[in-house]
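These are the structures in question, set out in turn.
Two complexes are shown next, each including subunit A; its partner changes from subunit B in the first to subunit C in the second.
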Partner chain A sequence: MIPKITFWRVVAVIIVIAGLYSTYLRLFGGLSASTNLSDDFPWGLWIGFDILVGVGLAAGGFSICAIVHIFNIEKYKPLARPAILTAFLGYLLVIFGLMYDLGKPYNIWHAIIYWNPRSVMFEVAWCVMLYTSVLFLEFIPVVLEKYKLHKLLKFMKKVGIPIMIVGVILSTLHQSSLGSLFLIIPQKMSQIWYSPLLPVYFYISAIGAGLSMVIFEAYLSARAFNKGIEADLLSRVGLISVIVLMIGFVIKLIDLIVSGNINLLLTINNYSLLYYLEVLIGIFIPFGLLIQKSFRENRRWLYASAVMIISGFLLNRLNVSISSISPETGVSYFPSINEISVTLMLIVLGMWAFKLIAKNFPVFTEEIHHEEFEAKLNETTIAN
Partner chain B sequence: MLKQKAILFDATLCVGCGECYSACKEANHLPETNSDFLKDHLGANTYTVVEQYEDVYSRKLCMHCVDPTCVSVCPVAAFTKTELGAVIYDEDKCLGCRYCMQACPHHIPRYEWSKVNPRVRKCIMCYDRIKNGDQTACAEACPAEATIFGDRDELIEIAKQRLAENPDNYYQHIYGLEEAGGTNVLVLSPVPFDKLGFATNLPKEPLPTYTAKALEKIPGVVAGGGAFLAAMYWLTKRKNKIAEEEKQSNITKE
Partner chain C sequence: MVALFVVLTFLFFIILDLLVLKAQGKEHPAFAVKVFNKKFFFPMESLISTSHIWLQKVQNGMLKLGIDEFILKAFGKLNLIPIKNEGEFVNKGEPFLKAVFGNRTVLFRSPIEGKINFVNKNLTNKVVEDCYGDDWAIMIEPKSNNLNEFKKSSDAIKWLQEEFTRFKDFIAAKSNEPELAGVTLQDGGNIVEGVLRSFDDNTIKEFEEQFLL
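Right after this comes the complex of A and B.
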């Protein structure tokens, strides 16, 4: 069957073709042929977006997982599987994206054998490695269900809770540690963003934005699969998201006042404007909207707020990793067309993979209830 | 225990002849990068440069920090602070994350951006030479004794002596004595150091202590988080079960 040609499909194909061309440049020409990175700006879009934003937005996975499986608030269960799948694909893409950014990607496994426990990057590497495995284990029941492997499924349910707990701890560690990466450059960063509490901010904002990602993803899925939407659950998730983000902002505000850096926000320059933009789009406007029941329960406003939160989050990560860092020589950095096309390609690949998996596996259907499948299991044993 | 070696560069003595620049290129087998050495910059093929700031000549090279950020941030331990004080790099371990470049307070490591198998490049204090008891190529080549090589504590004494004996010639500070925990390259200057392009906003404590403060909380997060989550699971499960039972008994009563 030939797929129907739609506007977004054409866009997606163009992005992937451009991304593949950039991949070719990266592979055979090195980083200078494919990026605008330099000795003054060793980290760019591929770290700021593909890694920091990618990992952060996947935080919906562990947040929903904790709500449903650890805090046992079962009504959110329909959101768990899509969130876990989003997170799993998100992490796979982060690792895939990292292969572009690393100068020697074939040495990526070295973190397993050459240890440096003093390095935040080392800790992040291990957490991402382990947590991606955890996400695989969290998602595997969906596959087992599809192929009716009930014995394995039963076993997975037994070990499920410890795995989930490990997953939440690993996420807490590396979500915050992505912020700790920048603790070592206090003198290079604008004090608007630099703070010993960076790991705390990274953690809180990842939960807030990760939850908004769950909303975003649910709306796209509803459109793609022509299915209904868990409107009531999602509006609550939206409320939790903005409250979490607001708590993060209040801590940040107190931090700025105590450290005396609040002055930096009183003068208008590129830094302070970027900060205002970040909190306005990412926190204030969505908070102002979703705190009100009427907006929160309106599909369009909820979706728009989620998009704003995600954009504000994106801006925050790019601000911390790129804009806040003043280079020695006044050189500036803007990502090259190849860096952008690879990043966009990763997003498209992620969406395609999600669609493909959601189409073929029971991602949106409710899990078969435990007793139900036990009954089925008995049936099959009797039949045999 | 071996004595830590160091380089002392005295900008008041430097005549800007560029012998250190050429000697460094030769010792490290680096290709020519600029016909005028004064216009050259640190790069993948240039580990040290001579810079002119009005009538003062200064040098740039890896400072060989006492507690180096590059050593602390590298996820695969590709950097080593050797007993002699030199900070060296193992290209076979490196995976190319460039955190060392991002984190270096002196903005030293350079990258082979145009190569398919790129390496981080920087001065390694002629480690192979000093291991054998020789001095660095730059110190050996310097005709004005502006760059000298020796034991770090002895060089500190020499520097202090110079500041005391000729106070008018010097800005009264030894760069590298305390900057970010100190360095194995010490610098004396006639003018304030920011005028020569040195980072003057560095804290006194080594920068790795900043990340250590975050990393040392990990065991607590793991233990506390694990206990909290397990307890929450148990409590909420129990609560749900009791609620369910009550519901059931209400139904049977009716």
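Right after this comes the complex of A and C.
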């Protein structure tokens, strides 16, 4: 069947065609032919956005998993599957995106054989590999349920909790280690963003923004599948998100005061303005809105707040990885059209994959499984 | 500047999507709130009990039972689990069906005494959408053929409308903050579908006692 031509489908196809052309340039022309990266500025949009933002926004998966399966707050269960799928696809795209940025992508497997345990990148590589495998195992019950493989499903449920605990540990290590990557370049970074506590900030902001990504993803799914949203659950998720982000901000503020770097914020320049913008749209405005029940339970304000939090998160990660480095190196960087088109293509591929999977597997159904149904019937029979 | 460029691109696509929806004359499905109003549909051939269970005569003197539209609108999205097996006997007033919404449940009592001959197996893993059609719950062989206590056609619809008024008062009494129900009841506004999901367990229990017994 030929899909109906819609505005977004046309846009998506154009993006993918452009992305494929840029992929060709990257593969056959190398980094210099396809990017504005240089030896002076080796990490650009692909690392700043595809990796740092991609991994951070995938944190909704482990946050919701921890809430539902470890803290046993089961009412959030309907959000777990879409969050896990988002995280799983997010990590696959991170790996895919990394292949573009690596000078020799065909050597990506080296981290498995040639160990360098003192390198943060070694930790990042292993966490990405292991956590992607864990996300696959967390998502596999959906596939087993679809094909009614009840014995395997029962087994996966038995090992589910340990898997999820491993997932939370790996995520904690991974989210923070992305912040640790920047600990080796204090002299190259603006002190507004550099701090020995960067791993802590990366971890906290990933939880806050990841939870907002769960809200954003629910709205995208509602749009794609013409369905409703779990508004009551999402409004609570929004509240948790802004509280976490505010805790992160308070720690950062204390850090700036103790280190004496607070003075940098009293001087008005491009960098202090970027920081103010980051905290204003990413923390203060959403906090002011979502702390109030009337705004939190309003679907439009909830959506607007999630968009603001994600925007603030984008600013934060790109400020840390690009803005904060530019003034110190004396080199300016702006991504090439190829870098932009590849990034957009990865987002489109992620959305297509999500839609395809959600359409064919029980991602959004409330979890009342066959065994539970049978068990309930048996309980009733025994009781009678 | 890269950071600003990325954020502005993100916001550009969000705004563009809202403009596309506006141009198409559509509303974002996530923003759409269905209003729970007095308009009810009830099949001509069916009967309704005061515990919000409908009954319909089928072949061999059997009765098909299910939940009514009022319940669907009050809870929004829900799953049904019959809690009696095929072949079992159910007494009048005995729980026979469980509705699951989120992580909470309510029980429905049988309006009639009889033997359960069929349970709708298609209800498993399914959100109830067609409450008077495909999403029936059980088929029962009634002990008695006396169905005079149940209402039908216009009487049934009138009773559902009275229940709606009673429900609106119930919500108003329970809602200290009107926005909880997404309504301004004092101004004569409407309540939204799935309104009960916003309330605590005690209110759900009271609803069960006042509307489903």
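Definition applied: the second predicted complex is superposed on the first by the 365 of 384 C-alpha atoms of A that agree within 3 Å, B and C clash if a C-alpha of one lies under 4 Å from a C-alpha of the other, contacts with A are read in each partner's own complex, and residues count from 1 in each chain.
Everything that follows uses one rule, which is that contacts are C-beta pairs under 8 Å (C-beta built on N, C-alpha and C of every residue); 3 or more make two chains touch, one makes a residue touch a chain.
Keep in mind that what you see is a predicted model, and the values were worked out from it rather than measured.
Student: Is this a clash or a fit when subunit B and subunit C both end up on subunit A?
Tutor: Aligned on subunit A, subunit C fits beside subunit B.
Student: Which angle, in steps of 10°, is spanned at subunit A by subunit B and subunit C when each chain is reduced to its C-alpha centre?
Tutor: In the superposed arrangement it comes to 170 degrees.
Student: Going by the contact rule set out at the top, does A:S259 touch subunit B (first), subunit C (second), both, or neither?
Tutor: Neither partner.
Student: Looking at A:I184, would you say it contacts subunit B, subunit C, both, or neither? Reply first, second, both or neither.
Tutor: So A:I184 only meets subunit B here.
Student: Contact-wise, after the overlay, does A:W43 reach subunit B, subunit C, both or neither (first, second, both, neither)?
Tutor: first
Student: Under the stated touch criterion, which partner chain does A:S272 make contact with: subunit B (first), subunit C (second), both, or neither?
Tutor: Neither subunit B nor subunit C is touched by A:S272.
Student: For A:L102 in the superposed arrangement: first (subunit B), second (subunit C), both or neither?
Tutor: First partner only, subunit B.
Student: Quick check on the superposed pair: does A:S323 touch subunit B, subunit C, both, or neither? Answer first, second, both or neither.
Tutor: Touch status of A:S323: second partner only.
Student: Please indicate which partner A:K75 is in contact with in the superposed arrangement: first for subunit B, second for subunit C, both, or neither.
Tutor: second
Student: Between subunit B and subunit C, once the two complexes are placed on the common chain, what is the minimum CA to CA distance in Å?
Tutor: Minimum C-alpha separation, subunit B to subunit C: 11 Å.
Student: Which residues would you name on subunit A as touching subunit B in one complex and subunit C in the other?
Tutor: In subunit A, residues 74 are touched by subunit B and also by subunit C.
Student: So in the complex, the part of subunit B that touches subunit A is made up of which residues?
Tutor: Residue positions touching the partner: 42-43, 69, 72-78, 93-99, 101-103, 105, 107, 109-119, 197, 199, 201-203, 207-208, 210-215, 218, 221-222, 225-226, 229-230, 232-233, 236-237, 239-240.
Student: If we count contacts the way the header does, which residues on subunit A are in touch with subunit C in the complex?
Tutor: Those in contact with subunit C are residues 7-8, 44-45, 48-49, 74-75, 77-78, 218-219, 222-223, 225-230, 232-233, 274, 293-294, 297-300, 303, 307, 310-311, 314-315, 318-319, 322-323, 333-335, 362, 365-366, 368-370, 373, 376-377, 380-381, 384.
Student: Which residues of subunit A touch subunit B in their complex?
Tutor: Its residues touching subunit B are 27-33, 37-40, 42-43, 66, 69-74, 101-105, 107-108, 110-111, 114-125, 161, 165, 168-169, 172-173, 176-177, 180-181, 183-188, 196, 199, 328.
Student: State the interface residues of subunit C toward subunit A in the complex, per the touch definition above.
Tutor: These residues of subunit C touch subunit A: 1-7, 10-11, 14, 17, 20, 28-33, 76-77, 79, 81-85, 88, 98, 100, 102-104, 124-127, 177, 179-180, 182, 197-198.
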